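Each of the two complexes below includes chain A, the first together with chain B, the second together with chain C.
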Partner chain A sequence: MEEVVQPKVYVRTCIALLVLLAVTWSIGYINLGPFNLIVALAVSIAKAIVIALFFMHIKGSSRILHLAAVAGVIWLLIMISLTLGDYISRGWVPLNH
Partner chain B sequence: MNGTTPAPETMKSATELVVERPGEFARENYLSIHRGVRAWLLTKDHKRIGLLYLGTILIFFLIASVAAALMRIELLTPQPKLVTSETYNKLFTIHGVLMVWFFLIPSIPTVLGNFVLPMMIGARDVAFPKLNLMSWYIFVAGGALALWSLIRGGVDTGWTFYTPYSTTYANTHVISMAAGVFVAGFSTIVTGINFIVTTHKMRAPGLTWFRLPLFVWSLYATSLIMVLATPVLAITLALISVERFWGVGIFDPKLGGDPVLFQHLFWFYSHPAVYIMILPGMGVISELITCFSRKRIYGYAWVGSASMAIAILGFMVWGHHMFVSSQSVYAGMIFSILSFLVAVPSGIKVFNWTATLHKGSIHFATPMLYALGFIGLFTIGGLTGLFLAALAVDVHVHDTYFVIAHFHYIMVGGMVMAFMGGLHYWWPKISGRLYPEFAGKLAAMITFIGFNLTFFPQFILGYLGQPRRYHIYPPEFQIFHVLSTAGASVLGIGYLMPLIYFIWSWRRGRAAGPNPWRATGLEWQTSSPPPEHNFEQTPIVTGPPYSYSAEKDVDLNLASI
Partner chain C sequence: MSISISPASEEAFVGQQFDDIEQQRDAAKLGMWIFLATEVLFFGGLFLGYTIYRFTYGHIFVEASRKLDVLIGGTNTAVLLISSLLIAFAVRAAKLDQRRALVGLLAGTAVLGCVFMSLKGVEYHKDYVDHLVPRMGFKWEGADPGNAELFYWIYFAMTGLHAIHVTVGIGIMLVLTLLAWLGKFSHGNHNTVEIAGLYWHFVDIVWVFLFPLLYLVGHR
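So, the complex of A and B:
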């Protein structure tokens, strides 16, 4: 069953999120070309993982809650992949002008 | 408590738990125990919350029906006579927004689901009773925002809020209406979470997953969709407000956005929302067909799994709304194939209901008439959905009355018929009294005839090329519009009749007794109306659901009601 979460976990979560926020902020001032987007997305994913695991107590909770959390991620992937499927394949058919 | 806990000796099996003699009205019940407005507004009883929802959604149903009636009257003539184009746009938006979010989505889950789900699984209440009451307050707040937008002048975007019109050009109250839908969405999510946890944690001893009534399976599948899809709607509506308020380019091409992105996000929610609307209806039909054929469901596991398959596949078909939106043709092909696939579990259900009827002892009671109507109308609605899933055919009928007719066959012919069937079926449990059976049958038949007269001509209209959302049309289409309006009037009578005899029967109907239909579900194994905590003793379950075969020749004594 669920563990009792100590207040220091929340403090650490908050610090981690503030550090990641600083990273997001600072890479906005550095030109990495296409990597700006990749780094920004990677930082966002890291933030989401920190929130889900520690703030939302997924770490240490029952397996059915893990399943629920994973289902949410899979559904997000369904949405993103099928939407991108449209955007990526739009140029494949040549337009006759 | 989990489903496999061995039963203590003191518990009685479900069939021994009949507390009252047939025909007796339980004086001590959930309605009589606390009186006054305060007791209702602060109640944590799932049954009372179900009734609060019933009253609320009926108000929205009434307003949305008036909007529909005004449209149908306007459409009697090819030239505008009653309303301006702008008002007409607002009327179909009101009708769509209120019917979808404030009637159809909450109808079966929050009214019938709230009332019977805990009783069907032998529980005293839902897992989170306070959260359940909160969901109603959130719903009312969302509804109030929607009505506020209406009073201030309405919205003219259609219920789909398509961009860039909704974000850039519409001079109506888009943000407050979207906020209303946004808020109501949280009520849906909260209900979904409550039902999921209730089904996992609150089942009576012996009630394993594969002994659950199919209505519970369908509510479970519906709740999964509610929890997984509704947040996407919330964020999409929030993005509209962000673009309208601060000019951030998300959907508007002038600002660097993409209008088709809105359609992706909107339909990622709204197509599964169609299944939020129809899946609970399918669950109700499984209950009705088995009870009034006195038979076990044919292929229990298949019907239950089909609910889950629909819930999952339903998330992967949204692009079929976008075949003519400049979506890539390859994405269109994928969405088309997936849309054809979702017809398979729907077909499984229809065939299994039909097979359940085979050699059954069929009683044409009022709920059964609604159920049989559902099967026919849902089949027509479903099959015309396949026309629309075919890429080339969709180009011809897209945004025409064919689409209107198709989804009304699912939503009204399917969902509303199921809701009415379920309401009649559980009314003796809810009120403790019987409605007049003859009036019930008459209303069911009037509804069926009125419905078909309203919407069948619209298939022809759409195929001939009449687009939706126009109130000026070529004179040769008038005959179909006149038929449709005539049908809508008949349909209106079909809906008013139950309202009248339900109100009448609430005080004056004959006492129903605990189990007037001789049904096997746990909700019938307690008095009518039920006591505050549903059961005097926790029931235990020893066998599969729908064990009707042993009492095949039961006399339901319907003629005397």
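So, the complex of A and C:
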């Protein structure tokens, strides 16, 4: 027995994704300073979550799949945050050579 | 909200190492998700490089990004999002044992992948004509040409690695179209279609991040 999702779920998912694309695209023509990056990233993360939940069926799947799905993202965040921690904090402490 | 189906002879596809078809399907999906986690880290190295250089040379990244064709990049995002819809329907058709719909949807996904690659090719050619390809006649009129060239190195590395993934995806979709046409995925044997769908959606997600990060660094 295999369960399938109603077609309208996929159609709504796709419409939501195209609306989010329109948001990213139009924000690109407005000067929000540093918030251009923040809004663009927020919309991209929202899109990725929508794709994973509804197209990739994370919604309704087993816990172990949820774990596998977030594991890669968590390691990526560790890598980026530790490396940026280095770059941002350089020069905070004066070094005497 | 869900429709249940019970295929006739799905037990015939269970490998001897599995108790039942449910366990086999779960194992295939888990394996694919673990592969996708390694793919996140594979692309992650490039995203990390991008993050550091954007943090270090933010101003020149804004200038360099404005030279890219946002119309082609945005259109390609829409093409990939719609192809994701098609492959989602293909997986559904495979589960419902609808062979003709499955063949059409898999072929449609491959066609949209080819549309994406064609637009990418047109864009790469345009970049070449505009002297934006590093080491191949790169010319930069503004300040700091070295770091502008660095942006285009990152742009070609990230979109190039993504394009390789799309090409592999097109190949997978074409093989699956043929196999579906031969009826290989009927009677509950739809595991292959489902995990190929997961791969395609992942490639879509990567582009969802590449589009704003490369084409819309600053405002236009």
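The rule we apply is simple: the second predicted complex is superposed on the first by the 88 of 97 C-alpha atoms of A that agree within 3 Å, B and C clash if a C-alpha of one lies under 4 Å from a C-alpha of the other, contacts with A are read in each partner's own complex, and residues count from 1 in each chain.
By definition in this document, a residue touches a chain if its C-beta (ideal position, glycine included) is under 8 Å from a C-beta of that chain, and two chains touch if they have at least 3 such contacts.
Everything quoted here is computed from the prediction, not taken from an experiment.
When the two structures are aligned on the shared chain, A:78 is found in touch with chain B, with no touch to chain C. With both structures placed on the common chain, the touch criterion links A:64 to chain B and to chain C.
More residues of chain A are in touch with C than with the other of chain B and chain C.
By the touch criterion stated above, A:55 is placed in contact with chain C alone, chain B being left untouched. After overlaying the two complexes on the shared chain, residue contacts for A:93 are found with chain B alone; chain C is out of touch. Residues 64, 71-72, 75, 79, 83, 87-88 of chain A contact both chain B in one complex and chain C in the other. Listed in rising order, the residues of chain A touching chain C in the complex are 1-7, 10-11, 13-14, 17-18, 21, 24-25, 27-32, 36-37, 40-41, 43-44, 47-48, 51-52, 54-56, 61-62, 64-65, 68-69, 71-73, 75-76, 79-80, 83-84, 87-88.
Contacts from chain C toward chain A in the complex involve residues 1-7, 25-26, 29-30, 33-34, 36-41, 44, 47-48, 51-52, 55-56, 70, 74, 77-78, 81-82, 84-85, 87-89, 92, 95-96, 188, 190, 197-198, 201-202, 204-205, 208-209, 211-213, 215-220.
On chain A, the positions that touch chain B within their shared complex are 64, 71-72, 75, 78-79, 82-83, 85-90, 92-93. On chain B, the positions that touch chain A within their shared complex are 200, 228, 232, 260-261, 264-265, 268, 315-316, 318-319, 322, 326-331, 334-335.
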